[in-house]
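Should a chain be cited, it is by its letter among A, B, C, D and E, assigned in written order, with residues numbered from 1 in that chain.
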Amino acid sequence: PLNAKDLPRIRAAVLEIGTVNWELNTIKRNGCDTANGFELVLQPFADNGATRVALEGGVADIAVIDWIWTARQRAAGKDYVFIPYSKAVGGMVVPKDSKAQSLKDMAGKKIGIAGGPLDKSWLILRAFATQEYDMDLVGDTEQVFGAPPLIYKTALQGETDGAINFWHFLAKMRAGGMRELIAVDDAARALGLDPDTPLLGYVMKESFIAEHPGIDQKLYDASRAAKDLLAKDDAAWEPLRIQMNASNEAEFELLRHGFRAGIPSDAPINIDGADRFLRLMAKLGGEDLVGAATTLPDGLFANVK
Amino acid sequence: MIRVIVHRKAFGTTEILRDISFTIASGETVAVLGPSGIGKSTLLSLISGIDPAFTGQITRAKRMAIVFQEPTLLPWRSVLQNILLVHEDLARDAALAALARVGVAEKAALFPGQLSLGQQRRVALARAFAGRPQLLIMDEPFASLDPATAEDMLALTEALIAETGPATIFVTHARSEAERLADQIFELGGSPATIVTSQPRKDMP
Amino acid sequence: MKWLPVSPVTIPLLSLLSLLLLWVAAAELTADPEILPMPHALARPFWRELSSGALPYHLAHTGLRVLWAFALAMTIGTALGLIMGSYPAVDRWLDPWLVVFLNLPALVLIVLCYLWIGLNETAAIVAVTLNKIPNVTTILREGVRARDPNLRAMAQVFGMRRLTYLRHVLIPQLAPFIGAAARSGIAVIWKIVLVVEFLGRSNGVGFQIHLYFQLFNVALVLVYSLSFIAVMLLVEWLLLQPVERHVRRWRTS
Amino acid sequence: MKWLPVSPVTIPLLSLLSLLLLWVAAAELTADPEILPMPHALARPFWRELSSGALPYHLAHTGLRVLWAFALAMTIGTALGLIMGSYPAVDRWLDPWLVVFLNLPALVLIVLCYLWIGLNETAAIVAVTLNKIPNVTTILREGVRARDPNLRAMAQVFGMRRLTYLRHVLIPQLAPFIGAAARSGIAVIWKIVLVVEFLGRSNGVGFQIHLYFQLFNVALVLVYSLSFIAVMLLVEWLLLQPVERHVRRWRTS
Amino acid sequence: MIRVIVHRKAFGTTEILRDISFTIASGETVAVLGPSGIGKSTLLSLISGIDPAFTGQITRAKRMAIVFQEPTLLPWRSVLQNILLVHEDLARDAALAALARVGVAEKAALFPGQLSLGQQRRVALARAFAGRPQLLIMDEPFASLDPATAEDMLALTEALIAETGPATIFVTHARSEAERLADQIFELGGSPATIVTSQPRKDMP
C-alpha cells in the first residue's frame, strides 16, 4: 500500500466540538482517508469564525460551512466549492407544558435564537410563518439572539418561551424535557424547498483541487464511507462517546439519531431546488446574508457523486 | 490646657526622644530650640497627633492649627482656597484679610506654585492664623524670610496670640525670636533628646 | 517646535490623515478587499447602514451600555480603590478577591450574569461593570498608595472634613490615575461590551461586528468599528481633553 | 488592627476561603450544577485534566503567550508613554492614533494579524501586544505628565546623564503607574489571549474555555479559568508584591 | 567667566525682572539680597538654565552645581546614592567624605524622608560641593539651620570656594552671610526688580 507520507494532505479546520468531528474521526480511525488516497489532518479550533479565518488565511484546506455563505463568497469572486456533508438543520422547541401547538401560538412570546438574525433556520421559519399563518415572526414575537449554549440553557431555565438552536443542542434540549414545536425540515418542505439539499458541506478552494486533481471526489468518498459505517453500525459510535459529551444514554441516542437523520442522500444536488432556496434566502436575509449571490453561482457545488 | 508627656519616641531601633513632659496653658507660648536633627519636628508631630506611634500621653485641644517646616499647601487650589478649605466657616473677606496681613493679598487667585517660597510660607502662616486656634503649632515659621518681612510676621504672631490666646508651641533657631515671643524656652539636647535647659522668658520675674 | 500659528485641530486632523494613508498603503499591499478594503470602498456600505438607520440604532444601544457600565465601574471601582489604598488592613482581605476578579475570564462572568439575571439589559451592564471594576480599583489603589502624607497630616491637624479632604486633597492628587483609569477604561469596557453583545444581546455594535465577521464581510465590520472609534475621538476631544486641561491648569501655569 | 501575631499568609488564605464560602452559597442558591457547580464537584474534572496532562499543556501555552505579550507590550507601551508624556509636540501627532488603536475592537486587530502574518504563534502574540500597547501608553503618559518638574530641573543643572535620569529619577516616579499598568495589564492581556486563542489557535486555556463553553460544560470552564487565576495569584504573591514592597520601601520607612 | 544679561523676564503679563546684567569671574562670589517675592529665585533659575523663557543672554559653565531653596533630593534613593547619582565619577569614599563634612555621614544609608529638614538641606549642600563645579548656584543655602551648624556650613563653603574656585552666586537674607562670603553684593528691588544697590565687600579696598 501507499506510504501515508506520499499522499496529498487535506488540512481540515474544524470546530473542536462540531459534530463534523464525529465523521472526521471515524474517517481517520478506519483509514478511510488513506484508502481513498489522501491523508486527513485535523486542525481544531474553538470557534466557527476561526475555521473560516483558517481557510481564508490558507492554513487549512477545508472547513465546514453552509452553502449560502459559500455562494456569497463565490459571487464575490472567491473560488470556493462545496462538497455536501449534512442536511441536519434545527427546529424550534418549547417547554413540554407549553400551550403552543404551532408557530402561530408563539405570537407575543419570547424566542431565543442561536446564531443571529441571519440564521437559516430562523429565516425558513419566518417564511413559513408568513406563508402558513400570514404572520410576521419578527414583529409578532420578541427575539433574543445569543450564543448557542446560552440559548440552550436559558430555554431550559424557562426564560424564553421557545428556542431555535443547532440540532445537537436541540437533541440535548429534547432530552432535557422540551418538545419540538416545528422542525425546519417540515417548514422547508411546506415552502416547496427540497429538504434533501444538504445545507452544510466541506468547502475547499478550486485552486486546491487544481493542485490535487480529484481530491474533492476522494474526500467525498471517504465521507460517504464513514457515513455508511455510522449509519449502520452502532459499534462505530462507541469510540465517539466521550467526544459527544452526552450526559446520559437518552441524550447519546438522540444525538446519534440526529446525526443519522442528517446524512444526505447520495443523489446529486437538486440545482433548481437550491436556486429556489437561495432566492428565498435573498428575499428574507437580503444583501446582508447573500451578498451579491442573488442567484446560484455556477460551479458552486463540486462535481462529486 | 495642653499636657505633653512623652516617655519614649523611636524610629525603628533609634531612640529619638525620651522623657519630655510639660504643659502649655491657654495664652501661653513655648519655644523649642535645638540643633538640626535633634528631634524638634518629631516632637511637634507627636503633639499635633500626626504621629501616634510613641509611648506617652498627650492631651490636645479641639481646634488646632499648624505651620509646617515646609509650606504644605494644596498645589491644585488657589491661594485663597487654600485658606478657605481648612476653615469652612470663614468668610471670603476674612480669608482675604488674613492674606493681606501676611502681604500676599494680590496673589490670592494664583496657584501656590506661582508664589515664591517665602510667599508660600506666609500663606501657610495666614492659614494657621485665620481660624481661632486653641493650640497653635509652628515649625520655624519665620525662616527663609528677609529681615523686614520676618519682623512683620513676628509682630503679627504677637498680635494674634494677644487676640485669641491660643496655647502656642513653636520651633526656632533664632534665640531672639524665642525670647521675644515665648513664656517658656526649652532647649533640646542629648541622644536620645530631652529637655536640657528650660528657662522662663528674660523679662519675667 | 512651532513655526507657524496652527489651529489646534490641524495636527490631529493631519495625524488622522496620515493614519488613513497608512491604511491605503496596507490595503494596497494586501491587495484583497476581502481582507482589508480600501477606505473609499467603505463609503457605500457606510452610507447604506447610516441611511437605513441601522448604524445609529446599534451605535446608540452600545453607547448607552458603555455609558452605564463606565459610570458604574468608575464610581464603584474608585470607591474600592480609595478604601483598599487607604486601609492596608482592608486591603489584605480584599486583595486576593481583586486578583481573582481581575483575572476571571470575561466569558465566565458574562455567562454567569446572563444565566442568573436573565438575557436582558441589566445582565449585560452588570457583566461589563463587574469585568471593569477590578481594573479601576487596581489603578486607583496604586494612586492612593502614592499620595502625599504631608497633605494628609495637614488636613488632619486642621480637622478638615472628610468630604472636603476627599474632594480637594485626595481626588486632585489622584487625577492622573483617574485619567488613566477613565481612558483605558472606556476602551476596555467597549471591548467587553462587544463580547457581551455577541453572547446575548440582539443589538449593538458588537452584535453587528460579530454578525458580519461570521459572514466575512470585512467592510461592514470596519464600518461599525470605525463608527464607534469616531464617537470615541469626539468624546476625547470634546470632553476628556478639555476637562483634563482644566484639571491640569495648576501644573502648567 | 493586629491583635495576634499572624503569619503574612494567614489573611490572604482566610480571604480566599471566604470567597470559597461565597461560591458555595451562590451554588447552593443556584441549585443547578450546570450553571454553577459546587467547588468540590470540580475536584474530579480537575484531577482528570491534570493527570491527562491537558491542563499543564494548555496552561503552559497560554502562559508563554501572556509572558511574551506582557514583556513586549510593557516595553513598547512604556517607551511610547514616556515619549508622548515628555514631548507635547509628539503627543499632538500620536494622540489620535492612540485613541484609534485603544478603541479598535480586539476582534478586528486579531483577524487582521492572523490574515497578514498567518495563523501562527507570532500572529497571536503580535495581536495581543498590539491590543495592549495603547493601554500601557495611556497610563504611562498620565504618569509622565504628572512628574515633578523640580527633580527634572535638578538633574538638568547637574548634567545628569539621560540614562541615569531615566532609571533613577523618572522611572521611580512612575512606579505607581507602571504598577497599575502591569497589574491591570496582565489581566487585560490574558483576556485578549483568550480571544486570540479561540479565534485561531489550537491550544491554550482560552481555546479550552471556549470549547467547554460551547459544550456548556461549566465545570471544565471553571477548572481552566481557576487554574489560570491560581497561577496569577502565585505571580502576584511571589513576584509582584515582593518587588512592589521593595520599590515602595522609601514610602513606608 | 559667567556673563548674565537679562533684559526682561515675565510670567504672563507680570514683569518680574528687568535689565539685570553682571559677570562673575571664576573664584568670584556674588551675593543676592532682596525682600521675599522680589525675584531672586527666578533670577537663579534663569542663570542655571532651568527656565529658558526670557529675553537676554546668559553664558554658563559646563560643570554646574545648584542648591535649591528646598532640598530637592530623590526620595526613593538613599542619601549616599543621591550624591553618587549626580556625580557618576565620584568614588564612594569621596561621597561619604562629603556627607561627613556636612555632618550627616551616619545617615548615608537612609532615605531622605528619614532625615530632618535641616539634614536634608545639608545633603543638598554636600551634593553641590561634591563635584568640582565651575559655577555654583545656591538659594538660601544656610536657612533653617541652627546657628552652630550654619556657622559650620559657612566655613565649609568658604573652604570649598578657596579650594576649587568656582564662580559662585547665592541668595541670602542674612547680610552678615553675604558680607562674609561675597566679593559683590547685589540688592534687588523695585517692580519689575532690578539691581538697586551693588556694593563690593567691605574689607576690599
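Convention: contacts are C-beta pairs under 8 Å (C-beta built on N, C-alpha and C of every residue); 3 or more make two chains touch, one makes a residue touch a chain.
For reference, the UniProt names are B, E = ABC transporter ATP-binding protein.
Quick caveat, the model's predicted, so the values are computed rather than measured.
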item: Shared chain contacts [chain B and chain C, defined touch]; value: none
item: Shortest path length from chain A to chain E (each step joins two touching chains); value: 2
item: Top-ranked pair of chains - ranking by C-beta pairs in contact; value: C-D
item: Between chain D and chain E, centroid-to-centroid distance (C-alpha), Å; value: 47
item: For chain A paired with chain B, centre-to-centre distance based on mean C-alpha positions, whole Å; value: 83
item: Junction residues of chain C, two or more chains touched; value: 35, 111, 115, 175, 210, 213
item: Contacts with 2+ other chains: residues of chain E; value: 70, 114
item: Where chain A touches two or more other chains, by residue; value: 49, 56, 147, 149, 153
item: Which pairs of chains touch, using the document's own definition; value: A-C, A-D, B-C, B-E, C-D, D-E
item: Contacting residues of chain D [partner chain A, same complex]; value: 34-35, 111, 114-115, 118-120, 197-202, 206-208, 210-211, 213-217
item: Residue ranges of chain B in contact with chain E within the complex; value: 11, 33-42, 69-70, 104, 114-119, 122, 140, 143-150, 173, 175
item: Residue numbers on chain E that touch chain D, as the complex places them; value: 45, 48-50, 62-66, 68, 70, 72, 74-77, 81, 85-88, 110-111, 113-114, 127, 131, 137
item: Touch list for chain A against partner chain D, complex; value: 15-17, 43-47, 49-50, 53-54, 56-59, 147-149, 152-153, 245
item: Contacting residues of chain C [partner chain B, same complex]; value: 150-151, 153-161, 164, 168-169, 172-173, 175, 247, 249-250, 253
